[in-house]
Each structure stands twice: as C-alpha cells, then as structure tokens.
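Letters A, B and C mark the chains in the order given here, with residues in each chain numbered from 1 onward.
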Amino acid sequence: MRVRALLAIVVSALALAGCGGDGKPESGGTLTIAVDAPFSRSPYIGRTIAEGAELAVAELNAQGGVVLGRKVYRLKVVRRDNELSPRRALANVRRAIDDGAVAILDDGTGVDAAWEDAERAGVPICITFGGGTGLVDEEERPNVFRVAPTDRGISYRLAEYLVPKGLKLGLIHDDTSYGEKGGEALDKAFQLNPEAVVDRLTVSAGSTDLSPEILRARRAGATGLVVWGDGATIAAAIIAARSAGWDVPIYAPPAAEDPIVRQQLADRPEWLDGLTVATGRMTAELGPTFFHVFQAKYQAAYGIPRIGVRTRSGKEVIALPDYAMYSYDCVNVLAAALRSAGGPGDKLVAALEQVSVRGSNGDERGFNEHNHEGVIDDDVFFAKFTDMRLRPVRDDPLSRSLPVLQQTQ
Amino acid sequence: MSAPALTQTRSALADAFGDARRGWARWHSAAAVAVAVVAAAPAFAPDWFHVDGVAAAFYQALAATGLMLAVGLGGMPSLGQGAFMAFGAFGTGLLTARAGWPLLAALVVGVVAAAAAGAVTAVGVVRLRPVFIAVTTWILTWLVVIFLLAFPSISGGAQGIVVPRLFSPTTHYELALALLVLTMLGAASVKRSPVGLELRAASAKPAAAAALGVAASRRRLGAFVASAAIGGLAGALAVDLAGVADASDYGPFRSFELFVAVVIGGAASALGPAVGVAALALVSAGGGVLADLEGVQAVRFEPMFAALLLLTVLGLGGIGVVPAVRRVLARANARPERRTRGSTAPLRPVDGTPHLEARGLEKRFGNVVAAEDVAVDVAGGEICALIGPNGSGKTTVLRMLAGTVTPDAGAIELDGAALDAAPQRERALRGLVRTLQSTSSLAGLTALENVMVGAGLRRRHGGSIRTLVASPRARAEDAAVREAAFGRLEEVGLTRAADTPVENLAGPDQRLVALAAALATRPRVLLLDEPSAGSSVEDVERLRELLGRMRGAGVGVLLVEHNLRLVRAVADRVVVMAAGRVIARGSPAEIAADEDVRAAYLGRAAL
Amino acid sequence: MRRRWGGRWPPLTLLALAASLGAVAATARAVPVPLPSVVLQVTLEPPFPTPVTGGENEGALLRIPTVSDQRVTVRVDEEGDPFSVRVRQRLVVRRTGDYSFVIGAPVDDVLATPESESEPGLRRGAILWAGFSAGRKVLSADVVLRPREAARVLPLRIDVDRMGDGVRVRLRNATRVSLRTIGGNARPLDAARALDAVRRQGARPLASGVILDFRGAPVATLRTIAAPLHVRGTLEFPPGALAGADVRGGVKQGESVAVDALLGDETPLVHDVLVSGTDAIPKLRVVATPEPPVRALEPPGGRSWADYVRGRKISGRALVARAVAARLAFARARQYQTLLSDPDPLGPRSATYRFITGERPPRATPQQPASVGAGAAWLPFVLVPLGLAVAAGLVVLWAHS
C-alpha cells in the first residue's frame, strides 16, 4: 500500500515535470536593420558600414538571436544605396520603415530630411560615418544617434594639440559637404586662438593640382597646414606642398585613412611620412586585445583589406577597419537596447539612452539622455604616417598611451 | 443674372454637352475607366505597390507632358526641363522651409519662377535652330545645378532643404494623377487647337508657316513658357512629396531622362510622354533585377538602358511608341487613296480691287546684286507673270514683297498703303500672301489642317485659354474655320484628301494644298513661286483652271514661273528679269517677240 | 621547621598564585580590535546608491583618485519643507588615463558648469562621466534632484512654526542613526591612547587606523551616533517685524536673526530659535556643514587623553565607547560630505548644505485641450454656397467667352 502510494507520488511528480514546456523561447521571426549608405558613390564607406553591421548581426544570430520576452528573434541587415542623395536617402528610410525595419544605420546623408519620418515610426537612426555638427541633437531629434568621431571633437582636439606648438596654421577644406562642415568646425575650434590661423582656403574637390592654394598658404606665413577634405584632396595637398619643396607639417581628419591617400602617394612614400591624422581611437586603455579580436573576426569574414601599397621593406599594407567597428558597435548597442526595451518602437529609442556595451575597441559604447554621441570627443587621438603605416604620436597624452597596431600583411 | 444671360448659358452648356457626346468614342470610355481604376489603386494595392513611388512617377510624367509642348508641338528640343523643375522645387521649398509660407502660395511663386525662367530662356532660343536649342538648354541645366551646388546656403548642400510635408503620399498620388490627366487633356486640346496647329506648322516648316501669317516666335515662346511652368509645378509638388529638395536631383540626367521619355513615348502625342516615363520605369525595374543578379548597384545600369531604348526608338523612325501604335491601327483601317480630279467651283470674290505696287526695289547680298531698280505692280483680277533665268532675282523680289527679306531700297504699297516695315504676318493680314518655291505644305498635319492654318489667320477667339476651356465662341469659330478650310479644299478639288496626312499626298496635290492654305487666308494679292514645278500636264491644266478662277474672283496674282506654256496660257502681263534687273515688260506676245528677252532667257524656247 | 597548615594554602602563596593567575588572565583577555573605519558606510545613503548598468562601474573597481566638493542648495517653503534640491558637484580627477563612472542619484537633470572640462551624461537615476584625463581634469555639473527623494537624505531638517505670539524655527540634525557596533572594556590608558590616536588621525581615510586592545572579546552594542553639523545663517524678517521682539537661540541683528549652532558634537541635535512678539515668518538663509567631532574628542583640560586618565579612576568601558562613537561620527560626517557618490571612496571630500526659503512653484495645471473647430463649424455653411456661387459665375463667364 505504502509502496503503491509512493509510486503514485513519483509518477505524478515525473508527469508534472514533463508538463509546462521545455522553457525554450519560441521563434518570433526576423528583425531587420537597414543600412542606408552610398554604396555606389562611395563604395569604401558603404561597404565598411554594412560589413561591420553584418558581422555583428551574424554573431548575435550565432549566439541564438535576441530574446525579447518569450520569443527569440534573428536579425537581418538590408542594404539600401542612397547615392549620396538626400532625396534617395529619405526614400530609403521611408521604404525601410514600410518594410518594418527596427533601426537604420546611416552614413549621415539625408538625416536632416529623414529623421522625422523615422521618429514618427519609432525607428532609431544610428550614424556611423558623418561627423557634421547638427546631425545629432538629443533634444530636437531624440531618435538620432551617432557612433563615429564628430567634426567638433576632431577639430577641438586639433586645436588643443596644435595651438601649444605655436604653429601658424593654414586651414584648407574642400567644397564637399564633408569638407564644408569640417571647415566650419575648424573655424569654431580655433575661435579662441585666432592668432594661430594665418589663412583659410577653400579648394575644389576633385582638383588634382592645389599648387596655387598651397603657395598662397605658404606666402601667408603658414608653418602648418590642416587639410579637411576627402582623401583625394588630402593627397593633392601633400603632393602640391612636397613637390614645391615645402616640408610643412600637415594634419588631416579621418579621411586621410582612405586608401586613396596612400595609393596616390605610393610612388613618393617619403612625402606621406609625417602626415598626422586625427581620428577615433581603435584601442582602449584596457589594451589592444579587443581590437585584435575584432580585426581577426572582420578579416575572417571579409578578407584582408589590402590597400595596394607596400612598405619600404616590401610588406603589403592593410587598412584598419575603424568604420566597420562603429557600425558593429551600433548593432550591439541596438541589441542591448532591444533586450532592455522588450521590443522595437519608441521604447527602443528610449532604451538606447540607458544601455551600454563593451565596444569592439574595448571602450564602453553607449548613449545617454544628454548625449547621443557614442564616441566622445576625448577619444580622438593623433597618429603619424611612417612608412605607409600609422603610429600614435608621442607628444599627446592620450595618443602616447596607445599601442602601434599591426598594419602589414 | 438676367434671363438672356441664363438662356445663353443654358444653350452654351447644351451645345457643349452635345458636342462632347458626339465626339465621345469607345476608347474614351476605356480611358476613363482606366483612370478611375488607377485612382482607386491605393485603396486595394498590395504591399509592393508603393504609393509614394508611383506618385513621384506621375509628377515625372507631368513634367514630361509639359516638355511635350515645347518638343512635340513647338519643335524645340529642350534639354532644360530639369532646370525648370529645379526652379519650381527650390522656389517652393525655400519659401515653405525657410520663410514658413503656406504651400499654396509658395507653389504659385515656384511655378511663376519657373515660367519666368522659361520666358527668359525662350526669348533667347525660339529663333534658333533645333540643334542650338538643345545645346543652349543643356547648358542652362548645367548652370542651374552648378549654381545650386555652389551655394549650399540656398540649396541646403549635401543635406538638401528639408521641406515640411503638407500632403500625405496618397493625397499626392491622387493630386498627381489628376494633374497629369488634366495636363494630357489640355495638351491634346492645344494640339488640335489653332495654337497647336500654328505650333505644328511652325515646327514643320517655319518659312511656310510664316508665309501664312503664323506668329511662330510668339507661339513658340508661349509653348516654351507653358512647358517650363508645368515643369516647375511638377518640381514643386514632387518636392513636397519627397520631403527634401536635393540639388543633385535636377542635374543634366534628369533633363535627359525627361527628353528621352518624350521621344520614346511620342513627342507629338499627349499620351506619349506618360508612356515614355512608364517605359523608363520598366527599364529601371529591369536594371534593378539585373543589378541584384550581378550584385552591383542598379544606378549603374539605368542610364545605359535608357540610352539603348532611345537609340532603338530613333533607329525605328523616332516617332515614338504611341504614334507608332496609332499608325499601325490607322493602317489597319485605312482605305486606299484615290487621285482627285480637280474642281470647277468658283472662288469667293475679293472685296474691292486690290493693287500691289513696288518701285525701285534693290537688294544686294555682299557684292552680289540680287535686285536692282525693280518695279512690279499687280492689280486685282490680274495675273502678272515674273519670268527670267535662274538667279535673275525673281524669288528675291517675291521675298521682298512678302516681307521675308528687307529691301535695301525701294517702296512697296498694297492698296495705296506702304508695306515697307510690315512683318510677314501683318502683310498676310492685309491680304498679301506668298507660297514657297519648294513644296510648302506642312508635314505632320492633314490636308484640312494645313488649310486651317491659313484660315486661322483671321481668328479672333483662338487663344490658348479659350481653347483649353472650349469656350462657345472658340468652338463656334473653330467650326467656321473648319468649314471655310473645307471650302478651300473643295475649291482646289481635294476634299477627299481632307483627313490625309499631307506628306502622304502626291507632290502636285501637296502644292494644291499649299495654294488652298494660301487662299484660306483671304488674300487680295497672291505671290506664287513656281507652283507648277514638277507637275504633269494634267496637273498644270488644273493649275491653270485654278488660276483662272482666282482671277475671276478678283485676286491679284504675281506668278513666278519657268513653265512658259502656263505663263502664256494664264498671264495678262509678263515681267522679265535678268541679272537682277527688269529687262522687259509686256503682254506674253510682246515678250515672246522681244529680241533681248530671247537672248537673255528664252533662247530657242518660245513663249 | 615543618608545619602542617591543616589543608590551607599559606597567604603568600595564595597571593602569588592570584597574581600570576591574574597576569595570565590579563594576558589572555587582551584582544586587539580595530576601531570602526572612517570610510565605513554607516547607512545605505548618503550617497545615493549607484545603479548597476554594466561597464561604467568598472571605474569603481579601480580607484580613480578624485577630489570631491559638493554645494547643495535646498529651497524650502515657509514651513521649512524642501521643494527643490540642487547639487553643484565638482570632481577633480587626478590621474592620467581614462575615467568612466556612474553617479547614482534621483536626478531630473544635469548641466555642466562653465568650468567643467567635460559634459556629463544622464540616464535614469544616474549621471555619467567618461573621458580621458591628461593628469588633471575638472568635472563640474549642476544636478537637479527629485526633491522628495533627495529631501529624506538631507542632514538638516527645518521646521518653522507659529508658537503663541511668536515664531519657532527648529533646526534638527537629521543624521542620527542607531546601529550595532563594537563595545567593550579596555585598560583606561589603552583606551585613552586610542582616543588620542582617533583625534590625531581625524577623518583621514588613508591613515593607518586605530587598534585598541580590548579586555576580552568585544561585544556588540547598540549605539546612537550622528554627524556633527555646524549650522550658521540668518533668519530674515520683514522690515519692522523684529521691533520689540524677543529672540532666544539667536542674535538679533537689525531685521534678521543670526544663528550659529553646533548640532551633535556633544551638543543637542536640535536647536530652536524662538522669536516672540512677531507673527512674521522669516526667510531662511542657513548653511549646514558636516564636520568631524571635535568636542567629543577634546580631553577635559588636558593635552591628551592619556594625560587625563593618569591618576584618575576613569572607566575604560566609557573611553572605549567614546572612541568608537567618535570614529563612527567621523564616518557619518564623511557620508554627508558626498550626497552624490564620487569615484574615489578614499579621496578628499567636502560638502555644504544651503537652505534658502523660496516660493514653491505653482503646480502645473493640465492643459485643457483647445476646443477644436468650435469656430469652424460655420465654415462649411459659408464656403460651400460661396464655392457654388463662384463655380456658377465661372460657368456663366465661360458661356459668354
């Protein structure tokens, strides 16, 4: 009798254990992240943004996806070409919203026009390239975020770095939107030190000969040049200065990392030596391990990004995947915010201000209610080209704390 | 409202409805149903039907239909429609975005700005040859986009100008469709109207149209401005739909794309541009599919496919899809043409006795003396023949009399009033009309339409606005002009060929159509330049009969001819020119016996 | 001579035995016990706890040398109840390298001050600071706290009441707390020396600490401690209100009453200022500063406690209690020197609390939705006939054109 009762209890317990499901979340479908970038007009930028996002998405999916409530969702990246046209960008954003995208990664084109539609739909936009002032405003545009160095940050760091050197600077920018905005940022940064600037010049983007402008800066007494434009403009400025025998130090924004600069100076690598780039740092105080891990993952997925030039010792130079890191981090912040919010929409936009993740370079990456910039101004460092590779400078406290990254194959 | 006014209104409405009912064809019903279906599409469209994308295509078609007025009707190959769209877009966008204007007011300003830009451009280009019109407007497009890119403070730079959206995409869809349909109907109406006839005439043969008194420059200017205004309207509304005015959107490729759409669809057809835009959209979709397969961006394929499509259409004759389809359908219903046999119907007599007198006419072209001290006079009811060897100055004299060439010296009077500075149109209005040496019929128009061009000279209610609203007076006048033109065709014995495209008629019949068109202007004195050139004996005989009836009606005729048999048969007096001077005057018999004339001109030929 | 004591121990032997036993006993019961640390978190708040958000707290694991100063401004109403609490927190980071930390608080808003070299971030219940310091960096911000949550952590409570024919302003030290701590006995001289050490070390967190040899194991005991508060300021009356008024607990100075009181350092925790002969309510401008215990550590009439106990019969237990209480008072005062947390628990810190009477802002009334279209109802009745008339006119015009 007792044995029977005991057996009944055991059987009942086993039966109860079998009920109630296996506890695994059910599949909720796919969440789409749209990448709106100039794939046709600026393939390098478009490709790196998309690849960083796709790498993050692949990792998240490999880890089982994003769990929201009792459902698990896979992520998907959809590419849309904006051809550097704000109208096309706005149309892409609208299309993405219609197709149910939960977030949009953008190079910055057309954000002025597109953010309102996205905000109405509760879709956050994360800019991962354009650093222009005014694109991000947490009060006016609560759904726009950025993970990329800002023009303001770069220009203020340049001023902070260059003014104490006592240089007389010529500020040159080209007439692209990137150049115009950079020029405005530089003017603002040097407002407090007007004596440091001896000349301001605008050059035409795509112009291959900047000799007149360089000569004018030289005659104005410049002992240093800041060239803010696309890669071709920077290369043209270097060529114009060095071919005239002027060994002036030249400083440039992140666009100087564009492979085209090194490609155009491949025949004269010594002219490139000394070009100092202000850009977002790719490692953290914790060390370069995080960066190396990211670089390895990126190269495993997309191959080694060869620039097409070699060092003096014949080693092939490879590009550093900094812009891919930003879009990668964006996706991870989005995933964390999705988990915190429990789903897309306005609550996702609000949650983006409350979460942080470990970025691909080891830094904390996140936003807050007062700041939608994921790369703080302090994180701009300076690196000098030496033999086709970038080495952090030693005369800046932040820069000298950073390691030299492997840039050859 | 007074009772008579009410009665007239009721009567006009009844007439209008009656005309509409009579003119309503089966395909009109089909088209109305199609428009209704398209209008209702957003309500039941599937997800892949993007309302905003289709609305944008409608605005593109609107701009292309506007362009058709300049290209198809006006014969002006404008590559600047993108620039006028930019005027509308940025004019409206700047006012709504930066100055907070309401959309309607800003829209008006944008359209006016585009029209003004069109007027300034038209003043410079209407008298140019087509190739130079294309080049000039192409440069304009470049200038506009370069200006916009150079001044980001105006154009918003790379971010464009964000425009506050007033209408939803569905509202834009319906608005764009409505405007497109109205514009197409308006374009079709203008095409058939006196304005359209004059434009087509001026496009086909400017000199012949001018000879009939067509104010070609004025009409072309009006067409160009209207085209630009419609482009501006399309640009302004498209910007509200898009939400951003982007300077790079109105570059040369946009103008080229619109021009290609017009040519592909059919420049002379009101429906053609819309069909052309649809064809390009299909091309774009195809390019997208190919790009997806190749893993590249679609934007790389679109210009290539558009250019290939254009070349294909041009290679197949260049008339466009819609006219080609119509032609095929027309051939299927065509009846064989029969040669007409001429007519003996009397002409309408001229009022009073006209008299044309020219004294001391001189004209030099460089060192070449085309005419020196030439005196000619023609009275009503008289045929005066002007003969002489080639290069003797006969045509120059005719051109000086018609007003196409200004004499270096001399005086011309018609009915006692001086004509020295009067332009061609004014001379035509006063009754002095010329036909051209070569075939001066207007290709692209039917025989009846050719004559209607002439008959339209004295219209009082043939303006664009009256035509567009089909006002009772315009319609009544149109009917009267049509009847008068048919009468002229009857006078030359070509009533059966009334609806035949004139280029499908034999050469002599085409010259008869040209004569009928000249007669339709109600001339007092006709200047005929070799009307029998290339004619058979039978045709010359018909011409002789016609000339006789002209004389009988009291029309004065100055006949330049090489056919001496005809001259002898019809001329009352003969004036002989050689080397720019009159060498003999007299009756045909006197001229035939003149030794100097024989030596200079007749040779072994007999008059 | 051998004598038999009949089973009793001889007295000397007994004495020696007792002495040795005593010595043994004494030696066996001397327990060295560290007195409570001055960085002890006596209660959970203040400072406000830091939310766990992830990586930013990493800074808390690695100490970021920081100097902290906080100026708290509390606006109170006529009754002394706070309705606005703002803190100007100034942190000076003294290292070369990255810094990243979260400061928890019931924060409504935060705004960098002009001298700040970085911008603070804001999250729910937290302020973020992150950046790079090249050796010295000033981080300064004005923080707006939610008044209800912040007020319960303020060190001073003020009550303004009408009493009879006058007004009473009660200033109460709100830092008092009862907690279980160590107690016990020690040799008076040992305890006195410990007291001197406590006094010498003061509030320095990096000092070596004070170890006292207890007699026997320390016991748990309930003790009430408070952070000494120095309260200074003025009670400003309307002109003429103090004419003929009698003031106790303060000094009449023209139209105001000056107050200067030490609450909680061997002094009462409550100080009343009584102004009789007026019914006017004063406007307060009072500053409270948490201070280290001084009086409690002042040896009576001597240079040191060790000097004091010599030759006197003083209870070691009482001296132990005083030493423990003093250490806890240091810790308690140190707590109130950071209303908002700072990333360096061992770094120098200071805080003042300013209480100012102000006008409580009116409660925002919910906006009544504008009656939409109330005036537009008649519009269709005008526009439609007008439109029809215009259309008819156009038709007539057309018919005559």
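FYI, a residue touches a chain if its C-beta (ideal position, glycine included) is under 8 Å from a C-beta of that chain, and two chains touch if they have at least 3 such contacts.
Model, not experiment: these values are computed from the prediction.
The pair with more inter-chain C-beta contacts, choosing from A-B and B-C, is A-B. Chain-level centrality, scored on Cα centres against the all-protein Cα centre, points to A. Between subunit A and subunit C the centroid-to-centroid distance comes to 44 Å (mean Cα coordinates, whole Å). Taking each chain's centre as the average of its CA atoms, subunit A and subunit B sit 58 Å apart. Distance between subunit B and subunit C, defined via averaged C-alpha coordinates, is recorded as 92 Å. By the touch criterion given at the top, residues 39-40, 81, 83-88, 90-91, 94-95, 98, 109-113, 117, 175-177, 180 of subunit A touch subunit B in their complex.
Those residues of subunit A that touch subunit C in the complex are listed here as 284-285, 353-358, 363-364, 366-371, 376-379, 397-398, 401. By the touch rule above, subunit B contacts subunit A in their complex via residues 47, 50, 52-53, 150, 152, 156-160, 162, 242-246, 248-249, 297-300. The touching residues of subunit C, counted against subunit B in their complex, run 395-396, 398-401. Residues 53-56, 58, 96-98, 100, 110, 118-124, 128, 130-132, 134-135 of subunit C touch subunit A in their complex.
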